Amino acid sequence: MSGNTFGKLYKLTTFGESHGEALGGIIDGCPAGIELDFEAIRKDMQRRKPGQSAIVTQRKEEDEVQFLSGIFEGKTTGTPIGFIIPNTNQKSNDYSEIKDTYRPSHADYVYEKKYGIRDYRGGGRSSARETASRVVAGAIAKQIISNIKITAFVSSVGEIFIDKPYQDLDFSKIENNAVRCPDEATALKMENFIKEIKKQGDTVGGTIMCVIQNVPIGLGEPVFDKLHADLGKAMLSINAVKGFEFGSGFCGAKMKGSEHNDLYNVDGTTKTNLSGGIQGGISNGMDIYFRIAFKPVATLIQKQEVLTNSHEIIELQGKGRHDPCVVPRAVPIVEAMAALVIADNFLLNKVYT
Amino acid sequence: MSGNTFGKLYKLTTFGESHGEALGGIIDGCPAGIELDFEAIRKDMQRRKPGQSAIVTQRKEEDEVQFLSGIFEGKTTGTPIGFIIPNTNQKSNDYSEIKDTYRPSHADYVYEKKYGIRDYRGGGRSSARETASRVVAGAIAKQIISNIKITAFVSSVGEIFIDKPYQDLDFSKIENNAVRCPDEATALKMENFIKEIKKQGDTVGGTIMCVIQNVPIGLGEPVFDKLHADLGKAMLSINAVKGFEFGSGFCGAKMKGSEHNDLYNVDGTTKTNLSGGIQGGISNGMDIYFRIAFKPVATLIQKQEVLTNSHEIIELQGKGRHDPCVVPRAVPIVEAMAALVIADNFLLNKVYT
Amino acid sequence: MSGNTFGKLYKLTTFGESHGEALGGIIDGCPAGIELDFEAIRKDMQRRKPGQSAIVTQRKEEDEVQFLSGIFEGKTTGTPIGFIIPNTNQKSNDYSEIKDTYRPSHADYVYEKKYGIRDYRGGGRSSARETASRVVAGAIAKQIISNIKITAFVSSVGEIFIDKPYQDLDFSKIENNAVRCPDEATALKMENFIKEIKKQGDTVGGTIMCVIQNVPIGLGEPVFDKLHADLGKAMLSINAVKGFEFGSGFCGAKMKGSEHNDLYNVDGTTKTNLSGGIQGGISNGMDIYFRIAFKPVATLIQKQEVLTNSHEIIELQGKGRHDPCVVPRAVPIVEAMAALVIADNFLLNKVYT
Amino acid sequence: MSGNTFGKLYKLTTFGESHGEALGGIIDGCPAGIELDFEAIRKDMQRRKPGQSAIVTQRKEEDEVQFLSGIFEGKTTGTPIGFIIPNTNQKSNDYSEIKDTYRPSHADYVYEKKYGIRDYRGGGRSSARETASRVVAGAIAKQIISNIKITAFVSSVGEIFIDKPYQDLDFSKIENNAVRCPDEATALKMENFIKEIKKQGDTVGGTIMCVIQNVPIGLGEPVFDKLHADLGKAMLSINAVKGFEFGSGFCGAKMKGSEHNDLYNVDGTTKTNLSGGIQGGISNGMDIYFRIAFKPVATLIQKQEVLTNSHEIIELQGKGRHDPCVVPRAVPIVEAMAALVIADNFLLNKVYT
């Protein structure tokens, strides 16, 4: 109820602050008998972890997951999968400067107001480090729905965007560059721009697109738990996300019905796919695709005004190793959250068939 | 689990098809002792109902709610509030044409595939008529959080949009025109455009903006149940919605951190509000505002290709009385869903204080 | 969360007071395509309703259920089944006597303390009339698990009890007498005793036994949601229940392990069944059986001390038409709650297979 | 949904097998600002752990809990409390004998049938070792409701029982003997009997009584989530439990209403308390008390028939270090589960007041 659990049947509960001993989670509801591909899990963890390229934060965190239960002789047993990810980087920093201040557009202020207490070391529970647990659970979820292909990539950074429909992109190129953009020319521009921004001690926002292919017809529940409502909530629960649109999205709001309707082929597929693979909240077998907006990271390596808990405004010099742009590292998180939603709805759909 | 319940503590469960005897719902978790303003409930129902102006569907539906329990001598008793809304308009139409066909961008096809059976009269459960129950529950939710002001209005129809920040609008003018747009000049353009579209037997999409004012600090849970994630899911569960953005939204993804950060005033308010009143998933006391994209209604009063269940494509002439543009009638629905989310999080926050 | 919903996948939410216009509920999660046997539903309703024999309350209530949604051409559609049961007997009694008093061992006092308000007409929400909705949902649940046989019967009234194992009873005789006891000689004694008690204006407690046969192996979840824990909660949620035991129950607490262990046959069945068909919270395919204790009804047709809301003790003469013994009418309620639990766990088990 | 989570607002999710690296859990929904008494947590852990006296299993397990999050400078922060309890005793035993057999009245057989796979080392997830996590969460729950006193004790072992009402017992003596029975003479008899039973390689059942004092009026929800239904489910979810009764319990089923009704004092307390502190599912401020039946432990240190997975019956000599009687060590577990239920309902009640 305090919102640290996600999912209905495949349920992930997470715990952990960025500066405690470890963070981790429990996956409850994973079917038994899945032979886990641990390398695939490790790979998704690597894609999320800090320090992997020149355009992301240079913090060193190993992000090794230790599974404590629910797996026997390499297979899931149907019992809960407990796991921890030790925080190897929790040095006893000097937090005296941060302790009594609220940084702009951070959660410091609201945490202290809501809870009356705040773990001021790092971002506490609002640190994006929490998403490491999501990537673990998502990587396992992908193995439940191994026929379904989930692909996320960076579609824009600042004003730079891919000017092509996703069908014209070669997804195999996503991991070829540090930005995780499949269009090489655009990727290069993005990378240079992020480096520039970083030099300025500034940050920049971006968007991620996600495409889910080979989805069976019938996933999603028709009223409050429409498949895209579940996906939207999943994406909006990722740090820094400001918007979600699927199919025609905000563009669809400008269109006429005669332009927007997806006409059928005789086999039940549709000629166009402005619906984005979901009709009435239920998957129709076409590609599901959506786009997510990420705001620029709030931590700047610049002087900035902050509020103190004695209600003064002072200037503070931002420091540390932070991402100048969050989207490259958010790609595996988006995939993980999509996998959680699809696996959950896949399991739920088995109940009624 | 089949997704007909919304909320954690203030819970709405709905039932009902457009062509059954009645639809309705149960509100569980409404606090006791609230002296209900039935006129306010009726008014919100009236704003949603068909036939209220020339630019919405001319169907006649009375949409009178009958409360069956949970209220005694005008006050809530803390027990579940059961209610029904009789379907007065369920004439025994001839459905032989629709029965065996799947209309483009409707839920007909996926319902039949998912459930193996379909109530082909009207839209069944996917009819927007289901939202009448949401408006009832939302109108009561508003009375739980009576200090908080929730205002929704039409911000665009097709390519026509309000070209001002919401702070420059006079919300008292929203109900003065059939479109529910507070900017009178824009409203007139929208109304004329919708009439034009209607003449063509076509439909058009639009956007709604919603502003929530006077929200206490601390609503929302920090990880999966971020306040904006709950709001996003609520909005995405409304029929025809294709996108949701709050605060800076998709524009924020183009900005730099130095532009985007909301600097503090000494009293904890912020000078700008690109955060949209929510930081780290928790309300910060500033206005919460968001924008929702609605696609054009799929039912056209034109000839259109449909798929038959014997896998043929045939042409069918659309008929009946449908909305040429859904956004004017969706305004009270958006408010209702916002009220459900805010009341729910308001009650939840009482647990921990 | 206010506890008016039961179940995880096959979910029943109920509403309604004994003296409102109607009570009813919503069943969410019923699989599509079940051809409903309405006569079976009516029959279970008849078994629960007042006035059916000389030893139960002589109130006249028709208890006709009206289904409002989720059913099309006699079959479930997979959408929520809304239903109401009109209160035909809600005459405008004179409640002035009850209004300001708290009857002993009723919920009057705690309701007023908890909610600050009380619907003093009849028992309000704590009236056993609420169980009518459970019988509707249970009767449909039985049709989901039609291979599984659920049989409840009265096993004792006061000190009179059946002195045989259930295997020696002929379940076809349960409905042959007003007490719903399959042992005819014992039934006669019980019936006479209840008539005696009734003459005295007094009431008496009793027990019900329930046997569930032909359960597939594997229902139930191993830790907090053990199958017998779900059954126990279901039974303890019925009005007037004070205890629940399954298998060897409280007798098992006196036994030695060498006596209590159920040895296997080669086919996996067991020679004895002190486990009661459940091991480690999971059904093992043997009969599930349990026993439930009901206290005597608190409403007496005698003079009795009551507390007033001005904190005086006064004498009040009980009146009205009440059950002298609740167990005969509770038999279909026990079956209904058992059916809800088994159907729910049956659906849940489909997820992981 | 797989049932590894308990509670509505104060939620415990557990993971871990007896023979993995560690077990543990996540507590979500613990209010912020509680200064934790770690010594009290340790003490409850010690009461549960093996090897504490001559009449319990002589396994050596340290049962040290490590908190990983949610606590800062000794206080809860309102974020999830993750914790692990390393399994220090997981020696690489020879399981070849057990691997292919199903022991009578164990969960071996049903696990293999349900999941198609079984972690045969120890009891896997059905091991009572899982309850260590419950004791951690219960010990913290007690600190949320520190005004409420929860006391459990052994009320019977085999045929030996305390022949006094709980009001005549001195609870301060419970921890004075290895059985945890406050009546010293009875305790001695129980202890000797357990030693005898142990010598025989046999086991014996028993009962535990629990008394909850100083409960505020108004806890519990009236219909499906009656306070005693929540307590019953909690107790029935503990390994080896076969029955639950509260207040007059099964005895109440033999009584007349005129004997059973609890008459009021002018202050709203009652002269008797056959209701067991709960009326209509809601606490009335009187003592809540209930009794729980535990079957004898199924693991015997004797020769016993077992089933093999090639469908043969063979004889196997039980070995290892097991409890001859489970109730002494179950006392803190009963208290923990009671604390979870009461704390959860205490928090829930804050929502509506």
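Going by the order they are written in, the chains are A, B, C and D; count residues from 1 in each one.
Keep this in mind: contacts are C-beta pairs under 8 Å (C-beta built on N, C-alpha and C of every residue); 3 or more make two chains touch, one makes a residue touch a chain.
Nothing here was measured: the structure is a model prediction, and the numbers come from that model.
J.: What chain is the most remote from chain B, judged by the mean position of CA atoms in each chain?
T.: D
J.: Would you say C-D or B-D is joined by more C-beta pairs in contact?
T.: C-D
J.: Quick one: chain C and chain D, Cα centre-to-centre, how many Å?
T.: Their C-alpha centroids are separated by 27 Å.
J.: Just give me the whole-number Å value for how far the CA centre of chain A lies from that of chain D.
T.: Comparing mean C-alpha positions, chain D is 39 Å from chain A.
J.: Using CA atom averages as chain centres, what separation in Å is found between chain B and chain D?
T.: Chain B and chain D have C-alpha centres separated by 47 Å.
J.: For chain A, give me the residues that contact two or more of the other chains.
T.: Only 1-2, 4-5, 8-9, 14, 29, 32, 78-79, 114-115, 125, 222, 348, 351-352 qualify.
J.: Can you name the residues of chain D that touch chain C in the complex?
T.: Answer in residue numbers: 1-6, 8-9, 14, 102, 104-107, 109-111, 113-115, 125-126, 130, 156, 158-159, 197, 202-207, 217-218, 221-226, 228-230, 232-234, 236-237, 239, 242-250, 252-268, 270, 274-276, 279-284, 293-300, 302, 304-307, 311-313, 348-349, 351-352.
J.: Any idea which chain A residues touch chain D in the complex?
T.: Where chain A meets chain D, its residues are 1-2, 4-5, 8-9, 11, 13-17, 20-26, 28-29, 32-33, 66, 68-70, 72, 75, 77-82, 84, 114-119, 124-125.
J.: Can you tell me which positions in chain C touch chain A when the two form their complex?
T.: Per the stated touch rule, the residues are 9, 29, 31-32, 78-79, 222, 347-348, 350-352.
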